[in-house]
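Order as written gives the chain letters A, B, C, D, E and F; numbering starts at 1 within each chain.
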C-alpha cells in the first residue's frame, strides 16, 4: 500500500494526462505504472522525473538493456522492491536472456561481498587507481 | 589506513604466493592490489575470493566491460570508496569511453533518485511485473 | 509478520503497562503501535527507547513537524517500510500539507540523486566547507 | 581525489560556463563547488542537475533551511561525506543555530536506531497508518 | 513473489539435486529453503554459494550461534527481510535465548544510532585506533 | 575533519566533564575518543548516548566481545569508517584473535553476498521461518 492514492487517467488533470500520454506513446503501451500514478500528486515532479528518465534511458553510448541492468544493480543495493521488479521486467522485455540474468546476479552478489570485505578492512586506495 | 597490515609478496606464505602468482598471470601485470594484500591474512579467504571473482568476471553472456560497470554501480550504492576507484580504473582499462562513463553516471543518479521516491511513496508492485 | 509476537496491554507486565500508559497519555490516544508491542519483550529496551523518543521529538529549537519530516527522510534512505508509514502518518497528523509532502519528496529524491553522483565521482570536499 | 579531473571556469566550454555563471548569480558568490566541476564533463548532466536543484531547493511550502536539514539527513543515511559537509555548511549559512543542529543530530540518531530495531523485528504496519 | 519461479526437487537437474541432497544431509532436514530454489536457475551459482556458506558457517574460532547473530546484524543493516527471518529462525534453532535476542537487538539499535551520529559529525579516527 | 570542533577536557563544562570522568573510570583509561568530544556540544546528547552505550555493551546474556563483533558487523554494513576502526580496536583489546577476526570477515562478506542475491531475486519468506 502506498502512502498516497494512485491517480488514474480518468481522474487526472490535463497536465498529468499529457505526461501519461507521452509515457504511453514512448513506451508503446496503454499501461501506466503505479509509480507514475503515485508521483502524479505533484504534476511538476511527475513531468521532471519522466523527462529525465526518458532522456537518461534512451539509447546512447550504452545500449538500453545495459542501462536496465545497471538500474537493477542500483535498486538491489538500495533495497527498492518495486524498482527491482519493474526494471527486471523491463530488462526482460528488452531481451535479457536467462544466462545474462544469471551473470548479472553473480556480479551483484560478488560486488556486495567484496564491498563488505573492503569496507571491513578499510583498505586504502592503490596509487595506480588515482586519476592524474 | 587499513585495519590490518598489508602482506607483500616477499613476506607471503607459499599458499598466498600461489594466489598472487595467479592474479599476476591472469591480469598480465606485476601489480597486486591492496585488497588482496589485506585479505591475505586468511589464505583460505584470499583463495576463495579470488577464485570466485575470476569466475564471475570472466567473459560470458555479459562482456567484461558491462560487468565492471555493474560493479561500479553496486559499489556506489554501497558507498565503497576503494571499490569505486578500483572498478572505475578497471572499466577504463577495458575500454570504457568518456561518453559511456557519463551515461553510467546518469543512470546511477537517476536510479538513486527514483529508488528514493518509490521508497518514500511505498508504491505497490504492478501485477504486470509479476512472474507467472 | 514480525519475528516476535506482539504483547497486548492485557498480557503485559506492570513495567510494560507503565510505558504503554505513558505513551497513551503523551500522545492522547488509546492506541499502542505495533512497534512498542514488539519491543515490549524487553521492558528495559522499551522504556529506554520510549524515553528517548519522547525527549528527542518534543518541541525545541526545531518544531515537531520538522522533526517528523526528518524522520521520514532518514527512514526512506534506510528503507524502513514501517517507519515510513508511521512517520508519514504522524507528519500528517501534525499538519503536513500536500504541498509540503510534495516538496519533501522532491528534496528526498534530489538528495538521493546527488548522493549517488558525488559518491560515484568521489568528489573531494571543498576547503570552504571545512570547520576552522 | 575524484575519479575525474575538475573543470575550472577558464577551461570550460561555453555551455558549462553558462551554468557556472547561473550558479554564481543564483548563489551570489564567485565560488563554484567541486561537485559542479566534476559533473561538468557532461554538460547535459551538469545543466539538468543544476536546474533541478535550483527548482527543488527554492523557497516553497518548505523553507530553504528545512530543505537543507532534510538534505543533511538523507546524506548521512547514504554516507555521502561530501554532501554532509556541503549541506551542513549551507544550513549554517542559511541560519541553522547550534541548538537546531544539536536537535537535528538527535533526530537523525534516533531515527537510525528505531529504523534498525523495526527492521530487525520486522514489525508489521499498523492498519491505522494506511491510506484509505 | 520472487523474480523467478522456484525449482522444486522433482523438477531439478541432477547437478541441482546433488546440491539439494547435500543441503538436506548437512542440515539434517528434508526442507530446502526458497533461497536455494530461486538460485537453482544457475547450478554453478547454487553450488558456489552453498559451498561457501557451508564453509563459512561451520564451527571454527567463532561458534555457529555467534555467526548467526552476525548474519542477522548484517541483514538488518542491509534491510534484507528474507535473510532476517531465515537467520533469526536459524539462531533460535541453534539455541539463541530470548535474553540473547533482546541484547542482540539492543546492540544493533545502538550501533545504528552511533553510526548515524558519527557519520553526521564526520568524526576523524583517533590515532590510537590505527594499526601500526 | 569533523563538522564541529572537538571539546577537550580543559574547555568542557562541568556536565561534560562529569561524563568524561565516567568514561575514563568505566574504561580504565585517560583517553577520551573523538566521538565523545564531538558529541559534547550537546551535553544532553552526550550524557544520553554514553549512558545507553554503557548499559548496552555491559556483560549480559551476550559477552562483551560478541557485542563488539556485532558492532563491527553493523558498522561495516552502514559504511561508518570511524565506527569500524574504533570497534575493531575495541574487539582486539577485548581479546579478539586473528582467527576470530578472519571468521568475522568471512561471515560479513558472505552475508553481504546473500543479502544482495536474495534482494535481487526477491525471494519470499518460507512459512517455516514464521513466528506462530
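A few points about this structure:
The definition used in the following text is that contacts are C-beta pairs under 8 Å (C-beta built on N, C-alpha and C of every residue); 3 or more make two chains touch, one makes a residue touch a chain.
Every value quoted in this text rests on a predicted model; they were computed, and no experiment measured them.
When the partners of chain A are compared with those of chain B, the chains appearing in both lists are C, D, E, F. Looking at chain C and chain F, the chains in contact with each of them are A, B, D, E.
The angle of the rotation superposing chain B on chain D, based on CA atoms and rounded to the nearest 5, is 120 degrees. In this structure, the chain pairs B-F and A-F differ in their number of contacting C-beta pairs, and the larger number is found at A-F.
Averaging Cα coordinates per chain places chain A and chain E 27 Å apart. Distance between chain centres (mean CA atoms), chain D to chain E: 34 Å. Those residues of chain A in touch with two or more other chains are numbered 1-4, 45, 49, 52, 74, 76-81, 84-85, 88, 102, 104-106, 108-117, 119-122, 125, 130. Residues of chain A touching chain E in their complex: 79, 84-85, 88, 98, 101-102, 105-106, 109, 116. Against chain C, in their complex, chain F makes its touches with residues 1-5, 44, 48, 52, 55, 125, 130-131.
Contact residues of chain E toward chain A in the complex are 3, 41-42, 45, 49, 74, 78-80. Those residues of chain A that touch chain B in the shared complex are 1-4, 31, 33-35, 38-39, 45, 49, 52-53, 56-57, 60-62, 66-67, 69-71, 73-83, 85-86, 88-89, 97, 99-100, 102-104, 106-108, 110-126, 128-130.
The part of chain F that touches chain A in the complex is made up of residues 72, 76-77, 79, 81, 84-85, 104-105, 108-117, 119-122.
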